[in-house]
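Here chain A shows up in two complexes: once beside chain B, once beside chain C.
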Partner chain A sequence: MVEVLINFLLNWLGRSALYALTAIGFTIIFGVGGVLNLAHGASLTIGAFTTLVGFQRFSGSMGDVPALLLGLVVALVVVAVFNAILYLLFVRGLERVYAKPEQVALLVMIVTVLLALVVEEAVKLRFGEDPQVLEQFVGGTIPGTNVTQNLALGFVVSWVLIAGLFVFINRTKVGKALVAASMSRRGARIVGVDIPRLFLVTWILAGVLAAIAGVFIGSTYSMTYAMGRSPLVISFAIVILGGLGSIRGSVIAAYFIGLLETVTVTFVDPNLLGITSFLVLVLVLVVRPEGLYGRELQVGA
Partner chain B sequence: MAEDTNTQFSGPSRRKVIQTLGAGAVATSLAGCGGLFGGGDETELGETLRVGVLAPDAETNPVGASIRGGAKVAVSELDEAGVLDAENVEMVVGNTQGTSSGATEAYEDLVLEEDVHFTVGTFASEAFNGIMDNIVSEQKLHLTSGASSMDMNERLLDDYDANKYMFRVGPFNGELLGQAVVDFAGEYYQDVLGWDSTYLLYEQAAWTGPTAPVVEEQLGDHGFDVVGTQSYSPTTENFGPIYNDIPNDVDGVTTLMAHSGVNATVTWAQGGYPWGFGGINVPAQNAALPDSAAAAFEGVWTLNTAAPGTNITDQTESFTQNFLEQTEGFAPVYTAYLAYDAIKLYAQYAEEVGTINEDDMVEAMASNQLTPATTTTQEFEFYPGDHEEYPHDIQYSMDDWVAGRAAPIFNQWQGGELVTFLPDAHQQAPYQPHQ
Partner chain C sequence: MFQLLSPFPLATRHKLGVLAILGLAISPLFLNQITITRLTGALFIAMFVMSWDVVSGYTGEISFGHAFFFALGGYSTTLLGSHFGLHPLITIVAAVVVAAIGGLLIGIPALRVSGPYLSLITLIAPILLLQVFILYNGIFGGESGLQSPDSLVGTQDEAVVTIAPETSVEALAWGASDVVRVLEFYLALGLFLFIMAILLAVTRSNAGAVFYAIRSGEDVVAATGKNPAKFKIFVFVLSAAIGGLVGAVFVHSRGTPTPSALLELEVSLLIIIAAVIGSMGTITGAAIGGLFVHMVEKSLLEQMENSFFGIDISFVQDITGYQIADMSFMLLGVTALVIIYAAPGGLLRWGLSKGDRWRERLRNRGEKS
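Take a look at the complex of A and B:
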């Protein structure tokens, strides 16, 4: 029984950590930029598959873990470029053409969902529909449990990045500018904040976090061209529960959704896995539509 | 969208030489006599026999690519040999996208726009179910080759005349698949696998609807313990919590999994679980699994219809070689064998009946008056049209597969390769117990 509980706890914590990593990027783009990036899952997919390509290319000459790390570095660069293009070409482009933020927000949703489909098709054409599995950073399980050390590493990395993000937002000028811009875009601009550059940083940051989550998902479970869909949907549930734009709320909501899923599968009925998150989503929208923490990062005027 | 694939050969073929000598006239006159079974006045076949091939995403999906590749091999051979008085044999591929609506659209395109004479293929049960109404209305023969859906059986039992144009070349229907798993377990779990206890784990999907109850009901009838049963959502990614419920002292887990097979297997491999893992695991049936995923399948065993390197009949290996040449080394999934069999069976039956008239073909095929055919998977006969359970379905015989005369075979991943360990007649390597 103790073993079952420990396995349950570790599965919950590990899984939730990956959810948090994915959802945070989704929420900061909305909190700061006021748009929903539906290509967020595509960043996760690009990150995982670029790492796979890098690993397969370099593992023969330098060993598995260095090749994996090198692949990851390349993947982060590729995802950063992808998100920079997303922002500069599409979001900025739309902002130049349309004056109303609601129009931009709607069109960004449409454009990003189309781009997500393009990425899926491209990955499908290149890699086919067969699932792939990424090499683990560290093999074996945590002694006395069935939870992999790789998932445990994902948990640690997730918390290091979350902590780093809090430090970045609270202690650095760019971070403070992010908060300022989320409160009032006009006010931030008046005090000299370069809004486009700030938003560019936000999009890149969000993409990088998603890519890292994708790499851990790909090495702990498996990866396909459609691997970005489920995390995107879960991110929706998480950010609505946590409060759109709230990083703290997203982290807590990620662990809550992860807990619900793990409890459902372990103690209720594994067949209900797909339902619980959406039930929560509906309940929150009805009972507390602003989520747990409302919007810490307010969209600027 | 349909994709035209005309398999023409350069140089004079045997068929064309014969045709020049007037054999076509002979064939026509024979056909004019109504053929062996009488009904039609003529073959209703022009210069070209057109085969409609229903496959999911043949460009990217190994199952779909295998259906297309298997069909290509069959069409190439028939184009060389001729079918009745048809000068050419061509195939057109329709993309089912693995969905009901996609299959319906593809089927309508093949039959109404491309004027195919009959159709083969489909894989997902949802896709096959999706075209059944269309088959009824178009009254074109469909030899299904990939889906285990039992809707076909139910419809035939319910209204035979309306649904009589459907036949299944393989795999076994859902209930018979379950029966095969149970028969295998009774025959080999203790003696070959060393399993004195097992735990049943299956995904809750359309295809396991008829299969899981058979396994659940009968698995415990063979002298070993069934310590638990668990179904789960096919969208499950994290199997850790599910595996928490499986006792560590169980010898092996009996699986029925398709969509979820890779994640379930990866979690099993990475988690260092002490129990063995096998049953029906659809990704494990794919000899061309990417290397990155194949590593996780080491030791996993699965029921399969056919696989490269195994000679179930004298046609299996030659087909595999022809397929590999055609696809430049892409290893076929079982749907390749079945698509090939379906087209070759149709041609053989048409020759014997003497017409492609659908009603005459159905009457002959459903009455077992035709010479039993040898396919890549067995000495082939359909259950007759008046069979009380499985009309028009591929026949299953445990005695035949134990003796190595028929599918299924049982494969295990060993050293990154998919090898056959049972039946003994086709063994490439003995079963390796899970360490």
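Take a look at the complex of A and C:
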């Protein structure tokens, strides 16, 4: 009984930590940029699969862990470039071609979903539809439980990154500009914030966080060309529950959604993954559309 | 105002449209059986795209899961037929009602939320439905779907209209199965024209103007004393009912009640790609996009000896190392992306503005000489 409880707790914490990592980037882009990046899941997929390719390439000439780390570094660069192109070429490009802001907002959704599709199809072309396995950073499980040490590492990495993000947003100039821009874009511009550059930083940051989550998802669970889909929808759920652009709200919501999912998977039926959180989500949307923590990018307590 | 109601005020466009429909109507006389069947499929896709366009193209509430309604229609008619033995015409009507209720379910949250939030609800609705299908796979057949219900036209005795096996049209060298294919084509064409007429009537009416206004801002609509939520629910129910009708007739024709044909994300995305390529918010553009996308995809998938409409495309495999058939969906996605930037508003609008400029140039030249 105690064992079941411990397993459950650890699975919940691990799963939620990865959800939080994915959702934070999504919420920053949504909160600061005001646009919905449906290619966010693609960053996760690119991150995981580039790491896999890098690992396969490097593992011959060095140890497994260094090869994996080197693959991860390459993957982060690739994802950063992908998100920079996404923002500079595609999103800014829409602003150049289409005059009305509401048309741009609408087309950003369509363009990003199409790019996600292109990425998925490209991965499917190269790796097929079968799940791939990514080498783990650390092997084995935590003694006495069924939770892998790899997932535990993911949990630690997630919290280090979240803490770093809080410091970045509260202590650095760019971070403060981010908060300012999320409150009022015009106000931020007046005090001299370079909005396009700020957004570029936001997109790259979001992509990199998602890629790291993707690598841990790939090495802990499994990875397919469609691995970005459910994290995208779950991020969406988390962001709505936690409030737009609220990092603190997103983290709390990630653990809440993670709890629902872990309860469902562990005690009810693994096939039901997603259903309970979606139902809660629809309920929140209808009852309290502004989420738990309101609209603005909130940091600290 | 006039422009709002009718994006095609020029008569030439209408003439071209009528010509295109006439061309479709006589096309079975000239085409081989494979192409006729492809065209039938393309008509169904075009109908799906039109049902998406009336809600997403007009109101700007992008639905990422319109397959939800297609599946509600297709599965309802199949299950009602197999469990209660009802006549296909009754089950199709019932399927439309089920799909319309589905539209209401999606439309009601639209009272409170809009934009990306509503898009999210449309995105997860088919995911939830697929989970239900997999969970109760005894009833819904899970990932592999259900057996097709009785055909509307076929050589079997169960079909609504049975074609005797010895039927043939000697002049065209058609056997019974060919006659069935051609009749299925006309069935699809009839439904296509029926749906297009309804959607054109609705979108070219005052309601269409309100749908378009919702896109620019619901406050504007509310300021004129109209309730935007009411219009959104109406258009969702209309779109869902039509999507359900098409899905239902589809499975009684060439289609199958399976997730891959009616429900998966790929289906919903193909619909969006088609509308983007054709022209969102025009109905006719959506129909053109649907026909185009299906014909191109099928030609790529079933291409013979690396030839695409007669053009040698073996170089694609030489360069990339992959079969072009495996890349068809990706290529369509890329095409839609290119069109968003290169021909803003889609091919129909692009073609129309080019046509206008061309006419003007002709007129100017006439005045000079």
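FYI, the second predicted complex is superposed on the first by the 288 of 301 C-alpha atoms of A that agree within 3 Å, B and C clash if a C-alpha of one lies under 4 Å from a C-alpha of the other, contacts with A are read in each partner's own complex, and residues count from 1 in each chain.
FYI, a contact is a pair of C-beta atoms (placed from the backbone, for glycine too) under 8 Å apart; a residue touches a chain by one contact, two chains touch by 3 or more.
Everything numeric here is computed off the predicted structure, so don't read it as measured data.
Engineer: Looking at A:7 after the superposition, I want to know if it touches chain B, chain C, both of them or none. Which is it: first, second, both, neither?
Structural biologist: Touch status of A:7: first partner only.
Engineer: Would you check which partner chain A:167 touches, where first means chain B only, second means chain C only, and both and neither mean what they say?
Structural biologist: The answer is neither, since A:167 touches no partner chain.
Engineer: In the overlaid three-chain picture, which partner chain does A:110 touch, first (chain B) or second (chain C), both, or neither?
Structural biologist: Touch partner of A:110: chain C, not chain B.
Engineer: After lining up the shared chain so the two structures overlap, which partner does A:133 touch, if you call chain B first and chain C second: first, second, both or neither?
Structural biologist: It touches chain B, and chain C stays clear.
Engineer: In the superposed arrangement, does A:118 touch chain B (first), chain C (second), both or neither?
Structural biologist: second
Engineer: Check whether A:278 is in contact with chain B, with chain C, with both or with neither, and answer first, second, both or neither.
Structural biologist: Only chain C; A:278 stays clear of chain B.
Engineer: Which partner does A:97 contact after superposing on A: first (chain B), second (chain C), both, neither?
Structural biologist: A:97 contacts chain C only, not chain B.
Engineer: Contacts for A:229 in the overlay, against chain B (first) and chain C (second): which applies, first, second, both or neither?
Structural biologist: A:229: touches chain C, not chain B.
Engineer: Which partner does A:286 contact after superposing on A: first (chain B), second (chain C), both, neither?
Structural biologist: The second partner, chain C, only.
Engineer: Taking the contacts chain A makes with chain B in one complex and with chain C in the other, which residues are shared?
Structural biologist: 124-125, 271-272, 274
Engineer: Quick check on the complex: what are the chain B residues that touch chain A?
Structural biologist: 57, 59-62, 204, 230-233, 235-238, 240-245, 262-263, 266-267, 270-273, 283, 286, 288-290, 292-293, 295-296
Engineer: Along chain C, where are the residues that touch chain A in the complex?
Structural biologist: For this pair, the touching residues of chain C are 60, 62, 64, 108-109, 112-113, 115-117, 119-121, 123-124, 127-128, 131, 134-135, 215-217, 265, 269, 272-273, 276, 322, 326-327, 329-330, 333-334, 336-337, 340-341, 344.
Engineer: Once bound in the complex, which stretches of chain A touch chain B?
Structural biologist: Residues 4, 7-8, 11, 15, 52, 56, 124-125, 127-136, 139-141, 146-148, 150, 217, 220-222, 230, 261-262, 265-266, 270-274.
Engineer: Could you pull out which chain A residues touch chain C in their complex?
Structural biologist: Contacts found on chain A: 30, 36, 90, 93-94, 97-98, 100, 102, 105-107, 109-111, 113-115, 117-118, 121-122, 124-125, 229, 233, 236, 240, 269, 271-272, 274-275, 278, 281-282, 285-286, 289.
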